[in-house]
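Given below, in the form of structure tokens, are the structures.
Across the two complexes that follow, subunit A remains constant while its partner is subunit B and subsequently subunit C.
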Partner chain A sequence: MKTSFWRQLGLLARRSVVRTFRDPGSVAPAMLVPLILFVLVSAGLEKATHVKGFPTDTIWTFTLTIAFANGAMVTVANTGQAVATDIEGGFINRLALTPMRSFALIVSQLAGPLVLGVIQAVVFLGVGLAAGARFEAGPLGAVVLVLIFLSAVLAFGAFGIFVGLRTGSGQAVQSIAPLMTVFLFLSSVNWPRNLITADWFYWVATINPLSYLVEAMRSLLITGWDKEAIGFGLAFTGGVLVIMLFASAWQLHGRLVRT
Partner chain B sequence: MAEHAIDVEGLVREYKKGPRAVDGVDLYVERGEIYGFLGPNGAGKSTMVKMLVTLLPPSGGRATVGGFDIATQGDQVRRIIGVALQEAALDPLLTGREHLYLQAGLNGFPKKQAKERQEELLERVGLSGAGDRKIGTYSGGMRRRLDLALSLVHSPSIIFLDEPTTGLDPHSRNALWEEVRRLARDEGVTIFLTTQYLEEADVLARRVGIIDHGKIVAEGTPEELKAQIGGSTLEVTPALASDRERLETTLSRFGSLAPTSGENGTVGVRLRDRGAAVAEIVRALDQAGVEIANLTLRSPTLDDVFLAKTGRALEAGEGEPEAEPPAGAEAAVVEPEVDLRMAAAGRSKIERLPTAMLKDWMAERHLQEAIESGRRGTPALKITKGPLAGQQLTVKDRLVIGREGDLVIADPEISRRHCVIRVVDGTLVIDDLQSLNGSWINGKRIELPTLLAPGDVITLGTSAIEVTPPPAPSLVSGPAA
Partner chain C sequence: MNAAAVPVTSHATVWSIARYVAWRNLKLLMRSPALLVPALLLPLFFFIAFNGALSSLTNLPGFGSKDYSAFQFVFALMQSAGFTGAMGGFAMSEDFESGFMDRLMTTASARAAIILGYVIAMLGRFVIAAIVLTPVAYAFGMRFHGNALQIVGLYGLAAVLNVIATLWATGVAMHVRSFAAAPGMFLPIFLLFFLAPVFLPLNELTGWLHSVAVVNPFTRFLEAGRGFLSGENTDVLWAFGAGAGLVVLTGLWALKGVRSASRG
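Then we have the complex of A and B:
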């Protein structure tokens, strides 16, 4: 009996969703850590709105993207850990012995984080709006922000899958998480690029692609419909997604040396 | 090559900067056969399995599984095989049902059939009640059973089981053995089973391949392999240490001297003649003036085969099961050729009989007593505890007791063929048939044929059988053999 790619994808995606929501270690950090950061950074930067040139007079509007950016980055650990667990526990061998297509396995791993991402987005938006954040681009802008966020979830998720397949180790995946946080803080997530005074930091934030993701989401909150910013953001997430999916497929091919 | 289920020719797996894990293995497995692949940890068993199931490309040689080449026809091989690898690779966050549904779906079952197959297999491995529990809550035995069920989802004709009972308690191991036997017997499934446990290979496999350092060191049926190294081993301990030299000289006339623990001057001899040499040896020792303190007759085991072929014992290393088979399980195997009259010589086992008693036995004094006893009538049996409690029976010639046999007792604690009771010169003699939980007389586990007398209580699993005086004809009932 043969199974279509889509049926395999559906079965494996269902597994990804089920195991994501049964693992408190996946859900709790993805929901709580971004919100805690959002509240802490907002409290710390409250007076920043008085700085000349600061793009908004409501700090919550500026900092809401912190929750989204951080929430997307948590996906790296979630997908990476899931793949590493499958390798360490031998489950990937079980799957390899079925007529499963490798690409279905890779893509399906994104299903759980994607569904979790929708819930994250609703919660972050709710909390943000309740705190006082406003969308310059209106309700449709909120929808587009969620879409950019979900594209980031997929991109970071694919990166996590690549790391998981490359290392085959849950510990290695977990060690990536702090590096990702450093990477995020070296972007314009906490401070507008035009107000960064240290030359080196400005330079690092400019070449850091995460800045463009953050600015794409922030533009919808502060500027309105900035096609260039949105374009850069989507190009970043789309590029990472495509590259990482193919890199993961290559890694899986090497790992599953079934004849 | 395709006439066999599995054909392997010069298969090699070489790791970078390492020794050959598998080094030119040749073997075949017939269709419907259970083939035991026995070896210590690190011998190359799992590497061999991974190559045969297409998860590891061979470095050299060739092999076919179901007629398909493992190196070039991986897809076809995977379609006809079921695999339970050493680690029961399950997702702790999924339930048993979800595992089976996923496996069925990936193997092409439409939704409805996938659900039906899922329920059928859960039922078969006795996990219906636990099907909705997450794997994280399963015991080792439950995981292994689910693993086996997963390997059966697409009804494969060849199944690879890599150390399937490692870590299982005796009950779970028995259940798994039974299912493996059933698959081969009722469904004609070919089973390639790796194990590091002698007992498992001995009781399950029709043929056994012994691997060490990546090479097959012996292959054949367990009986053939044991026969290759000669007959039984007789270990004799002299009463006086100074007699050791004379003991060795005398024993060497009956076979080659075998290694023993050497404690108390014990000397072992691997007997050339599997039959009645014991009596001759005792006579010879008597003539040589060697007084015997202890005497033990032991049949060859697969461990002896491994020792003979490799020069070291096969030991269960890491991953030893929580409930390893009793240490004596292998040594307790008694040659069926051993004259059961020996057992009638005394109530104790024939081992540790002092010389005086052996002489008495040779004078047939005890045998005469047994015959006298027989003239008075053969004792009967009354089941006092267990599923058949209340039944009375007589033994006419022999009675095999077990979950199969002449007297069937449906008790999971009892092995398929647990023990046999024979009539010898009008008396009853019980012999354990390598059962897992043993046969017990009056609270003592027997290791060799033992005479039964009225008043004795035989315990088998949860059942108890009392030996009663010869019954009046009107009392005889129940299954008589």
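Then we have the complex of A and C:
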């Protein structure tokens, strides 16, 4: 009996959601690590607002994007680990014996992280506003920030699926996932680009696409409605999502052929 | 039980088990160098990122030193030591999930030697990470102002931290015996690091972070390390004292894990 694509997608997406919330190892880091970074970096850099030209008097307004950007990146570990576990446990091999569509398997893995992303966004916003962060773009700006964040969750989730399929190892995924945080710190997340004094780092931050994701979200907090910044941010997440979905489909195909 | 069936636990047995476990882990690293990625690249990139982005913080009145590269290098070196240790727990979890650890626990008469093997292997990984990290930091402007003994002190302190992190992470792995425990191995170490004076000196921190950093033992590691690098002896006894205490505590935790894993 042939099951429709949407039926396959629905069943696998439900499995992804249940599995995400059943595993405290997926939920806790996704909620806690970004908040911890947000709080620690804000507390550690509190005196940075005294530097001439710093764009805001409240460090929490500047650093709230750390929580959102890092929260999206944690998805790499979650989707990657889920796929690696499926490979190590033989689930993918068993699915290969069924008429399952590769694309349904890949896209459905994003369902759990997306639902978790909505909860992350509500918590991050709540904590950020309570700490003193404010939106120059008003309440609608907060909504747009959440939408940019969810697009990033999908993009990084797709990247995690690719890594999981490529390596097939939980240890490898857990090794690579923290690097995402590093690439975030190689962007303008900690410091405004116009105040970076080291030329080489200004160049690194400028070519790092994560700077544009961060600046898209930060513009809503600090500048107001900056269409160019928002456009760059969405172009980045959309591009990564499409490329990683196709790359994952290619990896899955290769793995099934080997099987 | 006849005499021949009684397990013999001599120093030679302990050493041969530890050596086997250590060598196996180092061989795995040679076969899959990506395993060194977090311990090497993570601190390296943090060093580059913080050094590049935040160097203008030295302009704040009260910062003291103008050498932000040296200030951040010590943090990067300690991070590298800690993260390599955490990777010991990851490696052990993978060995549990693959069934290798069960076989090892069955055959090894001195099970605590397994922990010793991971400690040696992770020290080996840390040495590789430090060998790469130091010249890169030098290229980014970090300079040693301390004497030879102080430099030995800096790397010795990092090695102690590596042992503490390995004992902690392998203890978690022994208790949980699943990769699901990975955040429990990594997060406390990560948290300890960032509750210390990372971006600014201790005297420049404000509010709750200052209060926490003062009692955080990792702050002593950073203060002593930064002192060694700049040629001053700051908090040396505090740092090594805290290190010795933590080695004992995490060692007991790891041994408790061995007992827990032995019971199944």
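Here, the second predicted complex is superposed on the first by the 257 of 259 C-alpha atoms of A that agree within 3 Å, B and C clash if a C-alpha of one lies under 4 Å from a C-alpha of the other, contacts with A are read in each partner's own complex, and residues count from 1 in each chain.
Just so we're on the same page, a residue touches a chain if its C-beta (ideal position, glycine included) is under 8 Å from a C-beta of that chain, and two chains touch if they have at least 3 such contacts.
No experiment lies behind these values; they were computed from the predicted model shown.
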Clash-or-fit label for the pair subunit B, subunit C on subunit A: fit
Which superposed partner A:100 touches (first subunit B, second subunit C, both, neither): first
Residues of subunit A touched, compared between subunit B and subunit C (which is higher): C
Touching partner for A:206 - first (subunit B), second (subunit C), both, neither: neither
Touching partner for A:28 - first (subunit B), second (subunit C), both, neither: second
Contacts of A:15 with subunit B and subunit C, given as first, second, both or neither: first
Partner chain in contact with A:198 - subunit B first, subunit C second, else both or neither: second
Contacts of A:46 with subunit B and subunit C, given as first, second, both or neither: second
Contacts of A:90 with subunit B and subunit C, given as first, second, both or neither: first
Least C-alpha distance (whole Å) that remains between subunit C and subunit B when both complexes are overlaid: 11
Set intersection of subunit A contacts, subunit C complex versus subunit B complex: 23
Footprint of subunit A on subunit C - complex, ascending: 32, 34-35, 37-38, 41-42, 45-46, 48-57, 59-60, 83, 87, 90-91, 93-94, 97, 179-183, 186-187, 190-191, 194-195, 197-200, 204-209
Residue numbers on subunit A that touch subunit C, as the complex places them: 23-25, 28-29, 32-33, 36-37, 40-41, 43-48, 50-51, 81, 88, 169-172, 174-176, 178-179, 181-183, 185-186, 188, 190-191, 195-198, 200-201, 204-205
Touch list for subunit B against partner subunit A, complex: 53-57, 70-72, 74-75, 77-79, 81, 83, 85, 87, 89-94, 98, 101-103, 105-109, 134, 150, 154
Residue ranges of subunit A touching subunit B (in the complex, touch as defined): 1-3, 7-8, 11-12, 15, 18-19, 22-23, 86, 89-91, 93-100, 257-259
